[in-house]
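The two complexes that follow have subunit A in common; it is paired with subunit B in the first and with subunit C in the second.
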Partner chain A sequence: MASVRTEGEALGLATIGRGEARSWENNPTLLRLVSVILFAGIWQIAGMIPVSFAFPTFFETVTALVSMIADGSLPKAYLSTLQPLLLGVILSAFLGVGIGTLCGLWRPGEWLMIPIFIVLQAAPVAAFIPMVTFIYGIGMTAKTLAVMILALPVIVLNTYKAVRNVNVSLIAMCKSFLGTRWQIVSKIILPDASPVIFAGLRLGVAAGFVGVVLAELLITPTGIGDLITYHRSRANYAEMYATIASIIALSTLTLVALQWVESRVFRPEKRGA
Partner chain B sequence: MSILSRRTILGTALAMIMGAAATASAFAGDMRIAFGDLPGIESIQTLAAIERAKERGVNVELIILNDEDLAAQAVVGGQADVGIGAPYTLIQKVGVPIRVFAQISTLRFFPVVNSEFYKTWKDLDGQDIAVQARGSGTEAVMLLMAKNHGITLGKISYVPGSEVRRNALLQGTIKASIVDAANRRAIESEAPGKFVVLPVENLKATDEAVFATADYLKNNAADVDILVEELLKTAREITANPAAAVELRHKYKLLADLGAEADSEITEYYKETAEAGALALNGGGADAAADDFAFFSLAGQIEGDPATLKVEQFWDVSALDRAIAKLGAK
Partner chain C sequence: MRNATLRKVPTEQPAMMDSIVEVRGISKSYGNVEALRSIDLDFPRGKLTSLLGPSGCGKTTLLKIIAGLIEPDGGKVSVNGREVSKPGPERAFVFQDFALLPWATVLRNVAFGLELRGRPVAEREKVARHYIAEVGLSGFEDKYPHELSGGMRQRVGLARALSVDADVLLLDEPFSAVDEQNRRKFQEDLIRLRTNQNKTFIFVTHSIEEAVYISDRIVLLSPRPGRVSQIIEPEIDRSVDPDRIHRDKHYLDTVEEIWQGLKQYVD
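Right, the complex of A and B next:
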């Protein structure tokens, strides 16, 4: 009995709510803003309790962020972090899409290379980083490599799967129009595979961010990794959290931007979706 | 019905796990000591003192962490009672009442330079060096020595890990750096004559000390006294006879995974350490605090004029005073 009544109440509430709520329910910007404000509020309260002596409030963190931007330490750190990140991500994107396409089109390539990338993707990659430093030392090469170890497998595997699963009837169509092998690849396979390739690229960029922070924490502290370790050792927890939040924000913004570029520039049919 | 029974099972399992955790923590040691580093041969003295404290009835549980900051955070967060390290920054920055109660050893670092390029401190004027980390003790030693010798160092790069810097020195990728005792010996044995160890004068700062919350020190004075006494006794024993370190290792089966070949290394290490007087025979106290204020403020780890900093803001010397009264000062 009890359950029936609550159901009725819930239903009633929902119908009343629906009419009133329509105006703001259809306003995604407002909802997103509310989500951010809620998050900041919970953070502020958690910091004021405090959850831990090492947990600053939201406002302390924002103040620290502003002061770190103002004194130039954060921009300087990003300048050094972005070098291995951009280099690694760009190399991984070209290499990854290339290798993935090759493996998807050419059987021996698939057998030779795909198992390696599956192992790399499954492996806890942070464990490779000491190995990278033994071989490539502690400089830029090692850090770029750390980014690539993380970013490359997911890009290769997504591209490979996308190329392998291209709609067969489209290829048959191209052949019946006497399309050459090159035309099949450039006009049918790559465009048809592009949604999954782009998804792989986005995942790869996200993995690249993981790689660069790992490298800067585990190899030599430079850039963002240096700011995090330095402020932790100095017990400047607000600055430490500000640095961490800034790299998370940057990686999120990069991914959103990538999605936007993808739908606007490369895939006009998805516009507005 | 089936959902209900599954829920019951899950609930019971959860309750059992939580119950088990509660009993486990109830049976935890009376004194949980957090090491901020993997124990190596330099920890024989501390480990032996802990074994002896156990013999005297203190139920010690060792927690090994891979960073000194973590040891300090474990103490502040209540997951450990006693930490090992030199947490001056944390004591000052975070208003947490933790206090150092005895010094174990003083810092010993060795500036090593490639003899092809440099021979003395003066040669390092304007030259690039590599140290552990920004604001680390190694950086402070180099800056202090540069100041004492009237030179300015060039670009300072940060390379964590003495063994990493040792390899880089041996490979020639860095020409001047600073390493710990074990790696200095390794450099000398692997490339005799290729490197010069520059002298470090008048350096007396804490390398390792024991610390705990003020409450813990007040409420567990008896256990703390035993630990401090044993730390002093082992320091004095090893300083008087460095071979005692190996005997202690065998007696208490310490660092068993290093194997028998570590014995000669341990003898060498403690012979040097004893000669340098790096083991704290009297547990530091106010004098050590004054040295630390000077050193760590130079390193940028504590703020304020070293002369105005108060010992009692960082140290609780009561256990040490009792131990000295009992054992006598050396």
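Right, the complex of A and C next:
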């Protein structure tokens, strides 16, 4: 599985059914609702045909989801998956933005580190995961590392590019009004670079989800990965789909939340634009 | 043919004059292109001096050297008698491309110079509001730059430069990215502001009409390499109706004379 995904793919769920509703265009909530209902309906019909004996209907999947929440197996799996995921994503975000900023500002840093991340981003990183197991075993460390080797390169490279391409005229302005080196970084470079940094963070977080599921499928049979494998082996397809759908939904929600933080905190002028 | 109202000043050294900015022997090259060759200039206190010349004459380079944003290859700049090589509190810059923070409101943009100096929020916003009103932008304090027209954005840039209370305002072709109607209005406002503020303005432009219209003193630069070719003091009465200045005979004669002088440098 490739480590790089486009933003459109990661947020792809939201775009279904947009064309049908020209006359309701000024009611976004209704439009979104229609899009969700349409998606569920197509799923339901496809399941009833059936497309494959291993493809459950929408309602079977929802029922399975509810029962898995009720019997505690889904919350328990998430508890185990979310720890390395959260840890890995947070570490990657801070380390990635830090390393990227440093490389953008400081030539030796760029020469030392950027090639490594370019290679890491180009490499099929999933192939490293067995190696990580070999060195770090099958515990929390291995899972966190799997998240990080997928999430870190894209965050570092986006931050680096954003810092490199910062508006030079704003830097000259800050200098002419007696801004210190630190003020130039904190008040000009980081806010100016923040849209591209956040694009990198969104891709990185999505890659982190890939990393944790991969790790749980390939090395440590725990958490969500284990739940998927288990239900597949028992031919509980509705439960398997419910698990997959839940992790996709969680990933999407996380990305939406990240976008909200960005427009709230860093680029208020883009709010409502 | 010499116009009675057009005083030519010898380019070498003026007589007794209170000059706030002194430029001595400034030269600057980019690779093997010589942008400026040993420039000597004095900028009188409280006056508006324009640096005028065709593109490639190094006028913006000279302004940025005075601002301390570009390092010259040789020579020195003094402000208030003290040699400077970096930006300082006695100079403020207005940028050709406005250089506003797109993520900040008009209020924060105008207060940004004071924010960098660590002034408390209440104080800097009070100062900023005053200068926002001064440049005619009251009511736009909470707008973002992308919601403003080019002319209004440059007014924000001007208010930001005014609010740090510098002695010298350096303006780098401030109206070149502003449409013609707004430019005329802005020039009138600048004349009014200048009489109120009692500051020294150094103004870079490539428009002869603009230079003659607003300047007390025009420094003509010739290109390749940039040198001072002439200094002119158009004596135009600006207390009259601005629209009359544009039809004033002295104004038109001065524009024509400068054009005759610059013609040879235009390719």
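Everything that follows uses one rule, which is that the second predicted complex is superposed on the first by the 250 of 273 C-alpha atoms of A that agree within 3 Å, B and C clash if a C-alpha of one lies under 4 Å from a C-alpha of the other, contacts with A are read in each partner's own complex, and residues count from 1 in each chain.
The rule we apply is simple: contacts are C-beta pairs under 8 Å (C-beta built on N, C-alpha and C of every residue); 3 or more make two chains touch, one makes a residue touch a chain.
As the structure is a prediction and not an experimental result, all values here were calculated from the model.
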Touching partner for A:Ala235 - first (subunit B), second (subunit C), both, neither: first
Touching partner for A:Pro221 - first (subunit B), second (subunit C), both, neither: first
First, second, both or neither for A:Lys187, with subunit B first and subunit C second: second
Which of subunit B and subunit C A:Phe53 touches, first, second, both or neither: first
Of all residues in subunit B, those that touch subunit A in their complex: 69, 73, 76-77, 89-90, 93-96, 133-136, 157-160, 164, 168, 173, 300-301
Footprint of subunit C on subunit A - complex, ascending: 169-170, 172-180, 183, 187-188, 191-192, 266-269
Complex contact set, residues of subunit C against subunit A: 67-69, 87-89, 91-93, 95, 97, 99, 101-103, 112-113, 115-117, 144-146, 160, 164
Touching residues on subunit A, where the partner in the complex is subunit B: 52-54, 133, 137-138, 220-222, 226, 229-230, 232-236
